[in-house]
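The letters A, B and C name the chains in turn, as written, and every chain counts its residues from 1.
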Amino acid sequence: MVTVELDDIRKTYGDETAVEALDLTVADGEILGVVGPSGCGKTTTLRTIAGFETPTAGRVRFADEDVTHVSPERRNVGLVFQSYALFDNMSVLANVAFGPKMQGVEKAERRDRAVELLELLDIAELADRAPETLSGGQQQRVGLARALAIEPNILLLDEPMTGLDAKLKDRLRREIGSLLDELGVTALYVTHDQEEAMAMCDRIAVLNDGRLEQVGTPREIYESPANEFVAGFVGSANLLDAQLDDGTVDLGFTRLHAVTDDTSGDATVVVRPDDIAVGSGSIPVTIREYQYLGETTSAVGELPDGQQLRLRLNGTAEETTVGTTVSVAIDPDGVAVVDTA
Amino acid sequence: MSTTTWFELSAARDTLTPETERDRRRRRILVLCAPFLVLAAVAAFVPLATMIRMSVSADRFANVGFSVSAWRTLATDPLYRRVAVNTLWFAAATSAVSVTLGVAVSHAFAKYSLPFERVLVSVVSFPIALPGIVVAFMVVALLGRQGLVTNAVAFFSGQGPIDLATATTVTGLFVGYVYSLLPRATMVLRGTYAEVNTDAEQAARALGADPLRTFYYVTLPEIRPGIVAASLLTFRTALAIFGTVLVLQGLNVATLQISQVLSVGYESQIAASIGLVYFAFILAVTFVGLRYTEADVIRR
Amino acid sequence: MTTLRTPQSLGKAAITLVTGLVLAVLVVPIAVTFVSSFAQSATGVVPTGFVTAEHWRTALGLTDVGARRGIGSGLWFSVLLATGGMFVNLVVGVPIAYALTRYEFRGREWLNTLAVLPLVPGIILGIAFLRTYPDNAGTAFGLVVGYALLKSPYMVLTVQSAFQSMDLRRLEESARSLGASWPRTFVTVIVPNARGGILAGSIITWTLAAAEFNFTYMVYTRGPRPFSLFLYENISRAPFLQSAAAISIYFCLVVAAILVLQTVGRHGFTTT
């Protein structure tokens, strides 16, 4: 496992720019999530590391070695696809042993390594099966074992859970997450599902329109989003206009003593629904629509100045209907400034 | 050295010793296409170019001198106008009949549960493997002097089978063409039928449309690309039929005419010019047809 | 109880009738030909005098009937030619089918049209060959090259449809990321995964080449007589029953091919 570094990568296809000025480092042993809407450049990023795209400009380094022009088969990267892409002409065991075979590992040893990996992934009993007879979850485990068998410099996972049903996804997420941690694998995890990235990754990079918007731990990304895009993409968020003045945030309808730096002036702040307590404060909010979701009830209310506010009506759903006015309080610690004028 | 040349040289070098994945891909595509291009050059491009030269040769047995007399004959002799008319109407009519019947057969295959469907599918596809001369014999077996239909009619009407045989007439040839074309049309149309949205058909039925209207308003628009593709394929195939005509005669179409000018007097220049006109026409029909089918697919 | 004939069932009845007739016209002459080949006489409505192997023996060249040659070495010659054409098609057709399915490149549409459509009729190719390769047009070499070109669309199409059902890009990328060079990926992963389609394409091109007539008729001059010319001579000159036997030999070949095709998951001959 090595540190992988993307240095000022640009990739264009004709007139279209897929990725621009991208600097990204995946530290040794780290799982870095790459999230963003479709077409944001996350797949291009993955394919650039794998070597299937040569960047128009910039460098790719594996442990300080420049591999920008090295072809994919010499990079020793593990790839796991959403569609599994198992070799149907080979047994499960042969699939897993394929990489070591290409590396010239002798027969008995590669067999042992494959068996060991299948055991690790809890699918040893499938060794002699044909891939097409397996379920989606089993195929994904085989795909992972196959990629790990070459002891890759970096493991690249391209939407590996998409297409699996919710329960299985949840289980695999936990299992694979702890397995990767245990093995100390360096991994890049591309997904459009920010929740999945939060659950599995040490750090997350948010891409939008070919540019890196923010990179940080899941907590940093969620609690201190760098800008409106990140705030809106990761979790649900209220973006409110505010006046900053030396540690106070004036939202118009309320003033909060939030911890901000000493900038002053117009700004946009983000407030998560979790940081809005319903029924305890002094801000009147009129409920405009709500959805009962079982564990919680999500609602959209209207503030006195007409701005909309997303909130959660935990346990209060029974009394609330459209048109009801509730009073809410905003936790000052949950307010993050994302944009100053 | 001008910029263009330098650029071209560097492109060529990149393809030979690639640095980027894109250049490697370009080299791969080149390697993958090379065998086909070699075959196409040896077996199609060079021979077709030679045929152009052949059509203006002054000598029948070798490409020497220059003479446009073959082309002049083709343009002025009423015989060739007749051959062209025969070829076109016959190919068009047999295609139309084959596609229409093909729609019925595919409809039956797709919508009704027919007994032994697997066997029936094989039966329909079987004639695709038969060369034209064998198809001709199939017509003889039905409509020839010793044919089944001929003799059955003779038996019931009391006439002589020799007077009733139609294998070597235009009718017999027509049956032969349809025998070759219908399986091809059906094959294309069955593919299209497999993709017809049966939910839309059921919705139409639920909204009160009878089967005929459902077919006209829902099914037909969906299978239209298939009908166009099948018509194109059968028309092109009909133009290229030779063995069947050679055996049955019946109508003087272009392929038969080519073989006749060669066997009587070896007028190779005329044969080559007919061949060229023919090839150009098939090419044009194909490309016009392709454009039409593609436009049709986009419009959907 | 009486059944009411609604327009629906009338339409269905009409289409079923047409389908039945069409199937009959397609299958009856094949059956008549095959059955007649074992009959002693074919005058009258139905052939009579079963069962005799006389015509088959004549057609197969097992009896000596004056000057009329049996199939003799011609069948073996055609088997060799068709096999040669099939191998050329494997070398030519599988790679280009892959390029056309897997990659986007300039001129792809044109190349695709060229590769999947039989654009040159056999008879015209024949004339062109006679003048271009005057010494070789009718030899085994000329025939193999001609068959390869004429039948290559069927190989390309069949293999292409196999490739289209595979996730080529990801298969290729998985194998390469695991350390397989691109040629090795092609040979050890791509080709084995498409073996059904490749086998089907081989059988179809082989069977069609084995009885190719139009091109063969134009270029043949001397030497062992290809199978299709043997068929032609029978159809145009031999008595009905003997022609029937000669053609039945080919029927057996086609049926064998279809049975093999069905075991590899195809429904029969497909061409475009």
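The rule we apply is simple: contacts are C-beta pairs under 8 Å (C-beta built on N, C-alpha and C of every residue); 3 or more make two chains touch, one makes a residue touch a chain.
Fair warning: this is a prediction, and the values are worked out from it, not measured in the lab.
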Arrangement of touching chains [line / ring / star / complete / other]: complete
Most widely separated chain from subunit C, with each centre as the mean of CA atoms: A
Inter-chain centre distance, subunit A versus subunit C - centres from mean C-alpha coordinates, in Å: 54
Centroid spacing, where centroids are CA-atom means, of subunit B and subunit C in whole angstrom: 15
Sequence positions of subunit A contacting 2 or more other chains: 52, 71-72
Subunit C: positions in contact with at least two other chains: 182
Per-residue multi-chain contacts in subunit B, two or more chains: 24
Contact footprint of subunit B on subunit A as seen in their complex: 51-54, 69, 71-72
Touching residues (chain side subunit B, partner subunit A) in the complex: 19-22, 24
Touch list for subunit C against partner subunit A, complex: 167, 170-171, 173-182, 184, 189, 192-193, 195
Sites on subunit B touched by subunit C in the complex: 24-26, 28-29, 31-36, 38-40, 42-44, 46-48, 50-51, 54, 63, 101, 104-105, 107-109, 112, 114, 118, 120-134, 136-142, 144, 146, 148, 151-152, 155, 175, 179, 182-184, 187-188, 210-212, 233, 236, 239-240, 242-243, 246-247, 255, 258-259, 262, 268, 271-272, 275, 278-279, 282-283, 286-287, 290
Touch list for subunit A against partner subunit C, complex: 50, 52, 71-79, 81, 83, 85-89, 98-99, 102-103, 146-147, 149-150, 156
